[in-house]
Amino acid sequence: MERIELRTHERAEMIDITPAVARAVARSGVRAGLCQVFVPHTTAGVTINENTDPAVRQDILYVLGALLPRTDPAYRHDEGNSAAHAASTLVGASQTIPVHEGRLEMGTWQAVFFCEFDGPRQRQVWVQVIGR
Amino acid sequence: MERIELRTHERAEMIDITPAVARAVARSGVRAGLCQVFVPHTTAGVTINENTDPAVRQDILYVLGALLPRTDPAYRHDEGNSAAHAASTLVGASQTIPVHEGRLEMGTWQAVFFCEFDGPRQRQVWVQVIGR
Amino acid sequence: MERIELRTHERAEMIDITPAVARAVARSGVRAGLCQVFVPHTTAGVTINENTDPAVRQDILYVLGALLPRTDPAYRHDEGNSAAHAASTLVGASQTIPVHEGRLEMGTWQAVFFCEFDGPRQRQVWVQVIGR
């Protein structure tokens, strides 16, 4: 398992981590299997979406922000980041991607994004590659 | 890894792909492991839910449509499908299902659905089965 | 594959199942791989989030309840649990967690939660551990 360090710079941000994940797959030596990208945090997540037009990420973050209000009198958690915890559950703490012929196999327009919902912070992403 | 072709017919649609996924598991020869169902698109997704009453799928698509407005002056992506990208991130690009005694092991009421959010289109689903 | 029985006590509830999942990993004998936690139900789910402050779970359930109205004249499914089906799709029917040095490897604040959306009921969680 590899542990990748990254620094986020905004409160909410999607960072393309595909190159680092692809390098971990290459180093694993696995030819056919699964690559798991796991975020060990409870106010962040990981998703697969389009990386060609940066406006797609902006719109996804905008939609999440509109759905999950940052403050709400009903919230009971006192750190002010309940919306970030909810976003983490909705987006998910991990993604799995096929490994085929020794490479991360994704669609033409897909990339893997670390999703920061309560930054800026120092963060990690773990990459586990299994197969043969 | 197997690549399954499918054609969607609606803008938003959930298509039961369980039989095709089960055939890929059978062909893999794996007796115990995991089956990953991966969608290589950024405006589609895959989910597991009930297939007995078709109204369940209609209600899930209705809920997603109500949460994610198709047009919004704040959207910056100019292809008009920002809501479909957001739905892809919320539903997810892949599902993993246990393989037990050589078969896809799911609950009595569960089925695997390809989720189209920006159709109709020609689409693919990739199935990767790992284990022994 | 192990099958864990659990009883839920509320209509909507998040139950920390980390100890039971960790025991299944230990029993599997796998040292490096993936642990899949799979819910064979269509009105429940599984997520990874914080277990230190119980208010986090209350806020996540509150947010889901606010997003997904229990009754809506547009719902067509006649069992009155359409919102629970939608929550299952948004949260997801499974999570995968890295197994490293024979143990479930998660972040300091993370725990695995069974998410009940249509309880109380008798439920199951399946745990599949693969690797070497």
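Going in written order, the chains are labelled A, B and C, and every chain counts its residues from 1.
The rule we apply is simple: contacts are C-beta pairs under 8 Å (C-beta built on N, C-alpha and C of every residue); 3 or more make two chains touch, one makes a residue touch a chain.
All figures in this text were calculated on a predicted structure; none of them were measured in a lab.
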item: Interface residue overlap between copies chain B and chain C, same or different (over half shared); value: different
item: Rigid-body rotation angle, chain B and chain A, from Cα fit (steps of 5°); value: 120
item: Distance from the mean Cα position of chain C to that of chain B, given in whole angstrom; value: 19
item: Junction residues of chain B, two or more chains touched; value: 34, 67, 90, 92, 96, 130
item: Parts of chain B lying in touch with chain A, wherever the complex brings them together; value: 1, 34, 36, 38-42, 67-68, 72, 74-79, 82-83, 85-86, 88-90, 92-94, 96, 124, 126, 128, 130
item: Interfacial residue positions of chain B with respect to chain C in the complex; value: 32-34, 47-50, 53, 55-56, 58-60, 62-64, 67, 90-92, 95-98, 100, 105-110, 130-131
